[in-house]
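Look for chain A in each of the two complexes below; its partner is chain B in the first and chain C in the second.
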Partner chain A sequence: MQYRGAVLGGVICQVFFGLILIAVYRTLYAGKPQSMPLERITSYVWLQQAFFRMLLASDPDLLDKIRTGGIAYDLCRPLNLYGFYYVRIAAQKLTGSLMRAAPMLVFALLLPKGWGLAAPATPAGLLLAAWGLGLGLLCVSALENITMGFTMRTLDSRGMQAMLNLLMMIFSGNVLPLILFPDSWQKVITLLPYAQLLDAPIRLYTGEAALSEAPGMMMIQLGWTIVLTALGVLFWQRNQRRMEIQGG
Partner chain B sequence: MAFIHAVKLEKRFIVREKRKKGTLLREKKTVHALQDVSFEIEQGELVGYIGPNGAGKSTSVKILSGILTPDGGDVTVGGIVPWKERRKHVRRIGVVFGQRTQLWWDVPIRDSYDLLKDIYRIPGADYERRLKELAEALQLGDLLRTPLRQLSLGQRMRAELCGSLIHRPELLFLDEPTIGLDAVSKLALRDFLKWENREYGTTVLLTTHDMEDIVALCPRVMVLGHGKKLFDGALGDLLSRYDTVRTVSVRYEEQAASPRLPASVPLVREGENLIITYSPEAFPTSEMIALLQGAGTIRELTVQPRNIDHLVADMYREMDL
Partner chain C sequence: MDTIKLYLHSMRMLIRSQLEYPASFILQTIAQLVMEGGEMLAVILLVDRFERMNRWEAGDLFFFFGIMSVTFYLTECFGRGITGNFPYLIRTGQLDTFLARPRGILTQVLCSAVDPRRITCIAVGIAALVMGCHLSHVTWTVLKAALFAEAVVCGFFLLLGLFTVEGIFCIYSVKSVELVNALTYGGRSACQYPVDAFPRPLRVLFTVLAPFALTLQQPASVILDKPLFDGPVWTAFLSPLSGIVVFALVWLWFQRTMRYYRSTGS
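Moving on to the complex of A and B:
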């Protein structure tokens, strides 16, 4: 019961933020229309709110295990530890965001034009967006597993997480759609892993990004996923060699 | 070569001390958690591992289970160096750390076992057979459908044991498995361990502070203190050295009766009882009885050996632990 409650709470919260953001953008556009059409902005907001859960680091269980030494048991399993944690992170993000996204997107589709979620620009755009989201999930999980690696050293994840979440919120387009950043900034931002997590797939969906841009985006995303995963694996291996489970 | 073969194990921890006034840097202190610890354990043995808190017991269990790398020395378990081939090693071992839990908190314990089945890749039929057998021996029954968080401590410990044995490990490490259990649960747990050891020849290394556990289960005991191995052998041999004193409690029909004992034998009056502590070596029991009888009509007399916890406390004290 409490799980359903939590999901419902999350959905309501995100819907509320979605509506407020749209109201803000509508006011902004009423004053001076921007480069991006309003329907695209509202679609952007809804998709972003729906998959918001995917971005934020959010598995207190795993962090607790590291902090309290429960990880000792995981070390006693015939498994690759990095993989075990990676899969758990990814699974949590996937189920967490799907459970929220489904009702929210249905709700958003029912809203009137100018408030709600528009249909995808092209069927191919939709497919590519879904693919991009999947890749984004792998990438963000790799990123979060590096945070786990730091937690093993510091035994407290809060500082690291606060910093990463802040970067994440800004550079993933959660505070402001990336397209509204100054052009010179955008050049750098789009190369960061954050931009590709949510912003790129959503732009493919709304048609803001042409389909021809998709391969480039995916390459950046894939590249980051490989780099971040490799870094994480190395980091974990080093950690494992010098790890001490404290206490009796 | 023995199943477990440990030679000159050594582990150091660096502890940073609190900064002293007037100094900039904190001082570092090296703590020797293990020093020159060697032992061999054969397959199918039940070995007790005792020592005061902080003696290095958990550290050695962590090294043997492959989750901690020692600073020196060699270990092989069935020919494998635990921390070098961790994944191959841990497949054959089961671990219960009494203070932590290996099962998932919010789901029925049966679901946790199912997950362990997948982790250890246990074939379906074998898994069902083993689970049924363990559930019966540990009296889990209806508990299988209960989430871990709703179990009492004793139930949880039984569930943990089941989880650690589901993949039929050859070697079981138990770190204080009876901590906080009531008498019935303790007895049941001990019976189960004996059964598992007899039935499958599982090697068991048991760390505990409960001496009754050792008496009931372990023909062999190793004592660790300050990171060094102090004793290795039968529990009886260890204790007979300290088990030299008997306590006699006498009650006379006559309230005022007072036996005349040598000055070296202390006598304390507790209500109607007289408590006499003596050493049979120095003062023969028959002589003692004769003296007691001479003083009046005895209504009740009991002779007690010393409590095993006292013996162990004496032992620790003498070993300067």
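Moving on to the complex of A and C:
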């Protein structure tokens, strides 16, 4: 809460982007209405914008430690390195996004219908969406730790990390809501790990996914979380065995 | 003339220094390609689903996207000094060293950085333009080509001006002001679509305050033979100049602000 000005500026910026996107979709809708109601898209956009922080890479400290060699101290500590950074990243993402999401969602709920965030399709949908968001958080943290694993190998974080982050932006529905992708593509991309972060919970919220689909979606989320965490742990263990430390 | 020579010389040096790490450079360039490719994919998919936007058809929309993208990333590439770490220079007090040298501040800032990684973004923009021309059956004439060049150059200055505003705010507040991003990056996101897609307040914002509509879109629409704003042909050549006007105003504002500059350095 130390940088209220910066947070507020960020929120206003994010709201502005949301409004631009919605204006574009509204105009497109006016030209050729779709089977899917417009409110679903506007809600999608607001939820994406609100929890956008969750997708951003968030731990500059660890990057610095890798680059400067400070990670050697961490290796000496009697703790599970992967677990430590996993929890740290998850906590950063959670607090960062909740702080920004709260004011934005209030603002979006106050906007008129067709511009703002619609109420959840069903109360159960809201609960499931919150649950799904939690699973998504676990999943995205696991993904980020894999990215970090690459950084430990190559030391230069910018290329690989930028690439993985961009794939995330596209396939998580931030650039274009996944529900606007061609229907045949959606069958595949909703199975990718990137769709588990925000897209799956948002579908539950807007009612795009029926409640009966929820258990299946959660299984996919859980499955990816387990797979990605396992991969990350293995990757980090290998890295730790043959880590080259920078610095002197 | 001297200034231009100086600028070109620093660009050459900076590009050479960036190419010293080819692997990192190539990876980052590819990352840029994925980024801009993703943006373009979004437009393609939208066109695929909705077919048109008001009176603009697929080709027109690609053309608008292309002209915005080419202009924006040319600015990001060659104006990197101002679009990139200008606020950083002010925050750390590095701007002080510039004050001691016998050249304009903005010139020196402009000479301080270049970002050749953006070349792939520019390439995506060009691809969009080519697709747009093809689908909309644009017949090129010398006049149209001149108009296009004018639009890109004026758009370059418009964007430099808008990014300089961020630097100006930074001189007052030291902190970098994210809010200005609404005009620069927000302008780019919004104005890759024709401005008549937006409700009135946004339309006024992007026509008067940050005149992307006049600088880039009016020429683009004239090239497509579907003028955005009606008027005789010569006005199409006049409207991009608004970008230069914005830059000039911001430049004057910047000169005034420099009087308030209190260094943060020690």
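FYI, the second predicted complex is superposed on the first by the 246 of 248 C-alpha atoms of A that agree within 3 Å, B and C clash if a C-alpha of one lies under 4 Å from a C-alpha of the other, contacts with A are read in each partner's own complex, and residues count from 1 in each chain.
Criterion: a residue touches a chain if its C-beta (ideal position, glycine included) is under 8 Å from a C-beta of that chain, and two chains touch if they have at least 3 such contacts.
The model shown is predicted, which means the values in this text are computed figures rather than measured ones.
Undergrad: In the superposed arrangement, which partner chain does A:Val175 touch: chain B (first), chain C (second), both, or neither?
TA: The answer is second: A:Val175 touches chain C but not chain B.
Undergrad: Between chain B (first) and chain C (second), which does A:Val227 come into contact with in this model arrangement: first, second, both, or neither?
TA: Touch partners of A:Val227: none, neither chain B nor chain C.
Undergrad: Looking at A:Gly70 after the superposition, I want to know if it touches chain B, chain C, both of them or none. Which is it: first, second, both, neither?
TA: first
Undergrad: Which partner does A:Arg241 reach: the first (chain B), the second (chain C), both, or neither?
TA: first
Undergrad: Which chain, chain B or chain C, ends up touching more residues of chain A in the combined arrangement?
TA: The partner with more contacted residues on chain A is C.
Undergrad: Of the partners chain B and chain C, which touch A:Leu79 in the superposed model: first, second, both, neither?
TA: first
Undergrad: Once the structures are superposed on A, label A:Gly31 by its partner contacts, choosing first (chain B), second (chain C), both or neither.
TA: Touch status of A:Gly31: second partner only.
Undergrad: Going by the contact definition given at the top, which residues of chain A touch chain B in one complex and chain C in the other?
TA: Touching chain B and chain C on chain A: no residues.
Undergrad: For the complex, which residues does chain A have touching chain C?
TA: Against chain C, the touching part of chain A is residues 5-6, 9-10, 12-13, 16-17, 19-21, 23-24, 27-29, 31-32, 34, 156, 158-160, 162-163, 166-167, 169-170, 175-176, 180-182.
Undergrad: Where on chain A is chain B touching in the complex?
TA: Spelled out, the residues of chain A in touch with chain B are 61, 68-70, 72-73, 75-80, 241-245, 247-248.
Undergrad: Of all residues in chain C, which touch chain A in the complex?
TA: Per the stated touch rule, the residues are 23-24, 26-28, 30-31, 34-35, 38-39, 41-42, 45-46, 48-54, 175, 177-179, 181-182, 186, 189-190, 193, 197-199, 202.
Undergrad: In their complex, what parts of chain B are in touch with chain A?
TA: Residues 13, 53-54, 57-58, 62, 65-69, 86-88, 90-91, 93, 95, 97, 99-102, 105, 119-120, 175-176 of chain B touch chain A in their complex.
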